[in-house]
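Input: structures, listed below.
In the two complexes below, subunit A is the common chain; its partner is subunit B in one and subunit C in the other.
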Partner chain A sequence: MSLLSKVKEALVCLRAGRVTLPYPAAPRPVAGNFRGRPIFDAAKCIGCGGCAANCPAREILIHDVCQEIRVLRYVGRRCTYCGRCADVCPEKAITMSTDFETATDAIGDIGQTIELFMSTCQRCGRCFKEPSPLERLKQKGYRFDDLAHDRWVFGSRAYLDTERAVDDIRIEMD
Partner chain B sequence: MSIAMAERAKLEALRARFGAAIRRADLPGNGRMFVTVDPAAIREICRHVFREMGARYVISIGADDRPFSGEFLVAHNFAFDGDGVLCGLLAHLPGDRPALDSISDVVPAANWAEREFRDLVGIEPMGHRYPKRLVLPDGWPEGVHPLRKDVSWDDVPKDFDEDLEFKFDEAPDGCVVVPFGPFHPTLDEPAHFRLYVEGEMVRGCEYRGFMAHRGIEKLAESVLSYNDIPMMAERICGICGCVHSVAYVQAVEDAAGVRVPERAEYIRTIMLEMERLHSHLLWVGLACHIVGFDTLFMQSFRIREPIMWMAERMTGNRKTYALCLVGGVRWDIAPETGAALRGVLDTLEKEWRGVVDAVTGDRNIQARTRGVGVAGPDLVKDVGLVGPVARASGVAIDCRRDHPYAAYGRVAFEVITERGGDVWSRIVVRMKEVFESIGIIRQCLDKMSPGPIQARVDDELPVGRMGLSSVEAPRGEAHHFLVTGEGNRPRRWRVRAPTYQNLQGVPAMIRDQQLADMTIALGSIDPCFSCTDRMETVDVRSGLRRTWTQEDLVRLLKKGGA
Partner chain C sequence: MLKDLCRRMFGRSLWVYHANSGGCNGCDIEVLNVLTPYYDVERFGIKLVGSPRHADVMLCQGAAMRSTARALRRAYEAIPEPKLVFAIGSCACGGGIWHDSYSVIGPVEKIVPVNYYIPGCPPRPEAIIYGVAVAVGLVDKKTAPVQFKQAEFPIPRYHPSDLKSDGEVVVYEKLDRV
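Here is the complex of A and B:
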C-alpha cells in the first residue's frame, strides 16, 4: 500500500517534468492589467491633490512654494502599487505601468517630482471631484509636506505663510 | 427558525435569567446582537452564554470611548454558530476607573484578549489568573496605553527601554528549558516558545510573541481613512490578506448599512476561494517540508503557481489584490478571464487528485502525523480554536455556512470534518477543502450576472455605529469589530486573526508529546506571526549565551557578516 503510494508520488513528479522558468535570463511578461510602478504625466496633472489625499501609503507629497507653484512628489518607497492614485485622478494623469523590477540601491531612482503652475482659483481644492464622500480631500488649501525629508505633514492652511512648515507635524488645521 | 426570531429568543432568555442586568439591546435583524449589560454581572452573563447557551467565544475588545461618551467600552463577542448570530456583550466602564471582572476563568479562551486590552487600552481585567503582559514589551513604561485616544500614533514614551530583556517564568521542577524561536528553521515567522522539557517530552511552555506589533489598529483610528484601510488590512497577513480586507469592509458595511451589489459579492467570494486554494496548497507543501518530505513540498508549490498567475490576471497582482473598497470591489472579471479561470481549476483539480491519492496511502507521513498535536472537542471549545483545527476535531464550524457573507449563501458546499483531532486529520481536512473551493468558484462563475460592482455611497457614513464581520480564512475565522467614527475613519477597529485563538491552543496540544513533534504540531495550525527584532544564540562549545539586539544585528549586516 505504502509502496504503491510512493510510486504514485514519483509519477506526480515525473509527469510534471521541468517547470523552472529561465527568468531573469529571459524576460517574463506580466498580465495586461498588472499594477506596477505608477507613472505621473506632468502635462495632464492639474495639481488637485486627490491622489495625495487617497494614497494609503502616504507616498505622494504636495508642497506649495508660492501662489503659483505647487510641487508634487511621488516618493515611491512604501508604494504598494495599489493603484488608488490612478483611480481617483480626475485627469487620468497617472498610469499604472507594468514595471515591477524596481529594486535599486539609490532610493531616489523611483521617485518622480512634478512642478505645477497653478492658476489662483484652484487653491480651494474644489477641482478634485471625489468619487464618494469617502475620498474627499483631507487637507484643503495650501499644503506644505516636507520635501527635504520626504515626509507627509499632517496639516494644511487657508493662507500662504512665508514661514515654512517643515518639521512641524502639528500645525493648525484650517 | 429565522435569524431574527433566534435573536429575539436569545435576548428573551437573557432577560429572563438576568433581568435588570441586561440594560439595552440592539437587534438590527441581520444576525447581529449588541447587548449592553451591567459590568458587575459581566462574568456571570458570559459564563451563562458560553456554557449554558452553547455560544462560541470569539474575541474581547477594549475601547477608549472617553472623547465621545466619557467612558471606556468592553465588548465580549460570542457566536451562536447554529443560529447564524454574532453577539456582542457590551459593558460601559467609568472613564476614571476602567476595570471589570475577568471572564477568563469561566471562558478560558478570553485569556489573551483580556491581557491585550489591559496592555493597550489600560482596562483592568480584575481577577485574571495570569495578568502578564502580552503585547507590550517588558521595557514599555507602566501606565502608557497606546490605544488610548490621548496617546498619539507616533508617540514613543521617553522611558521606553527597548533593550530590556523579557522576564520569563520559572520552568517547573525537573524540566529544562528549550528555547524555540523567534527564528527557527521550520518557523517562517517569529514567535518565541520556551519549552519545558523533561527528557524528550514537552511538559509545557511559555509563549512570547507580538515582538514587532505593527500598530495597524492605531494607524487606522488616527491616520488613515475608510477607503485607505482595505489596502493596509490586506497586509495584516502575507497569505490571507484578501480575507482581512473583505472582513474590514464588511464590518464597515455592516455598521453603516451599505448594500453591496450582487456581482461584487460574487467577485469577493471568488477571490476569497482563490486565496484559500493557494493557502491550502502552500500549507500542505510546508507541512510536508516540516516532516522532511520535500518532494511533495515542491509539487504542491508547482501546482499552486498557476493559481497565483491567474490571480495576477484577475486583479493585477499575485497576492495583494487591492480588491475591496467600502461598498464593492475594484476589479471586474471579464468573460475571457472567467473562461481561463475555469481552465486553471480543471487542471488543478486533476493534479491535486493525483497528489491526494498518493498521499493518503503514504504510511511514512501518517506515522509522523497521526496522534500528534491532538486537540479534542473540549479544547476546541475552551480555547476557541477555529478553522481546520476545529474541523479536524469533529467540530463543524465554518463561517461561510454559519454566518453567510458575500455570496456564500447562494452556493452549495460541504463543511469537511474529521474525527482524529491530530495533525493528520488537519492535513486531510485541508486537502479535501481544496475540492470544495474549486466547486464554489465554479458555481460563482455560473451564477453571477452582469451588473455594477461598486455601490454608490452618497453620504458620509453615520457615526458611532458598530459592525461585526466574520470571514472564514484558510486558517479559520477572521473576526473584525468596528465602530464608525468622525473624520472619515473608524473610531475603533479590532482585528482578530484566526491564529490568535489557535496559538493559545498550542501549549495544550504539545503537552506530553515528543520534542521532535513540536514543529509539525505548531505548523499544523498554520500559524501566522509578524516580524521581530531580536534573537538569542547559545554557543554550544562554551555554553555562553549571547543575546543579539537589533543594533548588533544591524551592525553585523552593515559589516557584511561577523
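Here is the complex of A and C:
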C-alpha cells in the first residue's frame, strides 16, 4: 500500500517536470494588477499635499521652506505600496510602477525628493482658491517634517493652529 | 569591501536564519515561498537553518518591537562572524505602517546593523531573490535616489519698491527672473 502511494507520488513528480523559474537569470514579468513602488512626476505635481495627508505609513514628508518652496520627500522605506497616494492625487502625478527590484544596501536609494514652487496670486499675494475636490484632501497649512532624519513631525498643524485637530494624539517620535 | 567578502565567504553556501520580530506573517510566507521548488534558492546554496549558531545570514521580518528587540539582539549576537543581516519588508526596513505605534521601536536597524534592505509589503519572492542576488554579486542594484530641484522660479517676483507711478498707470520696472 505504502509502496503504491510512493510510486504514485513519483509519477506526480515526474509528470510535473521541472518547475523552477530561471529568475534572476531571466526576467519575470509581474501580474497585471501588481503594484510596485510609486514614481513621482515633478512636472505634474502641484504640491497640494494630498498624498502626504493620506498616506497610511506617513511615508511622504513635506517641509515648507518658505511660502513659495515646498519640499516633498518620498522616503520609500516604509511604503506599503497601497496606492492610496496615486488614487488621491488630483493631478495624476504619481504612478504605481511595476518596479519591484528595489533591493539595496543603502536605504536612501529608494527615496525621491521633489522641490516644488508654490505659486501665490500676483494680485493679493495669497494662494489660489482650490476647487472643491482638492479642498477636501489637501494638506491644510504648513508642515515642517524633519527631512534630515526622515521623520514625520506629528501634529505640525498645531504649530500654526491655536486649536488642535480633534483626533490628534500626541506621540513621542523616536 | 563587504561585497568582496560576501562573494568570497558566502558565494557557495549561505545559511539563513529567519527571525520575525513582530511582522504580520506576510513576509514570512514570502520567504518560505522562496524556498519552494518554484523559486528554489538552494540553487544558490541558500539553506534555512533552525539555529542562529549555524547561520551566516539573518533574515529579519517585522519591525523591532519593545517585547522582541532583546531577543532579536541576542539572536544576532549568536550568529558567528562574518554575518549579514537582511531587512525584508517595509516593517523591517522602516517600521512599516506601525512605525509610530506605542509597542514599535522602529526599523530593525535600530537593534541590529542591517546590510541589505528589501522593501515591499510583502516583497515578491522575486524581489527577495533579487536582494540575495545583489548581495552575492550576481546582479547590480537598480535603485538610485531621485532628486528634483527647482532651477528657477517660473514667474518673476513683484516687490512694491519696483512699482513706479507714471501719471495714471503704475509701471513695473524690473522684470528679471529671481
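By definition in this document, the second predicted complex is superposed on the first by the 136 of 174 C-alpha atoms of A that agree within 3 Å, B and C clash if a C-alpha of one lies under 4 Å from a C-alpha of the other, contacts with A are read in each partner's own complex, and residues count from 1 in each chain.
Everything that follows uses one rule, which is that a residue touches a chain if its C-beta (ideal position, glycine included) is under 8 Å from a C-beta of that chain, and two chains touch if they have at least 3 such contacts.
As the structure is a computational prediction, the values presented were derived from the model and not from experiment.
**Student:** Which holds for A:2: it touches subunit B only (first), subunit C only (second), both, or neither?
**Tutor:** first
**Student:** For A:116, decide between first (touching subunit B), second (touching subunit C), both and neither.
**Tutor:** Only subunit C is touched by A:116; subunit B is not.
**Student:** Considering only the touch criterion stated at the top, classify A:42 as touching first (subunit B), second (subunit C), both, or neither.
**Tutor:** After superposition on chain A, A:42 lies in contact with subunit C alone.
**Student:** Tell me which partner touches more residues of subunit A in the superposed arrangement, subunit B or subunit C.
**Tutor:** Partner with more touched residues of subunit A: C.
**Student:** With both complexes superposed on chain A, which partner does A:105 reach: first (subunit B), second (subunit C), both or neither?
**Tutor:** A:105: touches subunit C, not subunit B.
**Student:** Which of the two partners, first being subunit B and second being subunit C, lies in contact with A:54: first, second, both, or neither?
**Tutor:** first
**Student:** Where does A:80 make contact in the superposed view: on subunit B (first), on subunit C (second), on both, or on neither?
**Tutor:** A:80: touches subunit B and subunit C.
**Student:** I'd like to know which partner A:23 touches here: subunit B for first, subunit C for second, both or neither.
**Tutor:** So A:23 only meets subunit C here.
**Student:** Please identify the positions on subunit A that touch both subunit B and subunit C, taking each partner from its own complex.
**Tutor:** On subunit A, the overlap between the subunit B and subunit C contacts is residues 19, 30, 34, 56-58, 80-82, 154.
**Student:** Please output the residues of subunit C touching subunit A within their complex, sorted ascending.
**Tutor:** Answer in residue numbers: 2, 37-40, 43, 90-91, 93-97, 99-100, 102, 105-107, 109-110, 115-121, 123-124, 126-131, 133-135, 138-139, 141-150, 153-155, 158.
**Student:** Inside the complex, what are the residues of subunit A that reach subunit C?
**Tutor:** 19-21, 23-24, 28, 30, 34, 37, 40, 42, 56-59, 68-69, 75-82, 99-105, 107-117, 119, 122, 150, 152, 154, 171, 173-174
**Student:** For subunit A, which residues are in contact with subunit B within the complex?
**Tutor:** 1-2, 4-6, 8-9, 11-13, 15-16, 19, 30-35, 54-58, 80-84, 87, 96, 132-136, 138, 154, 169
**Student:** Which residues of subunit B touch subunit A in their complex?
**Tutor:** 154, 223-229, 231-232, 235, 295-296, 298-299, 302, 305, 309, 312-313, 316-317, 320, 322, 325-327, 330-331, 351, 354-355, 357-364, 456-461, 488
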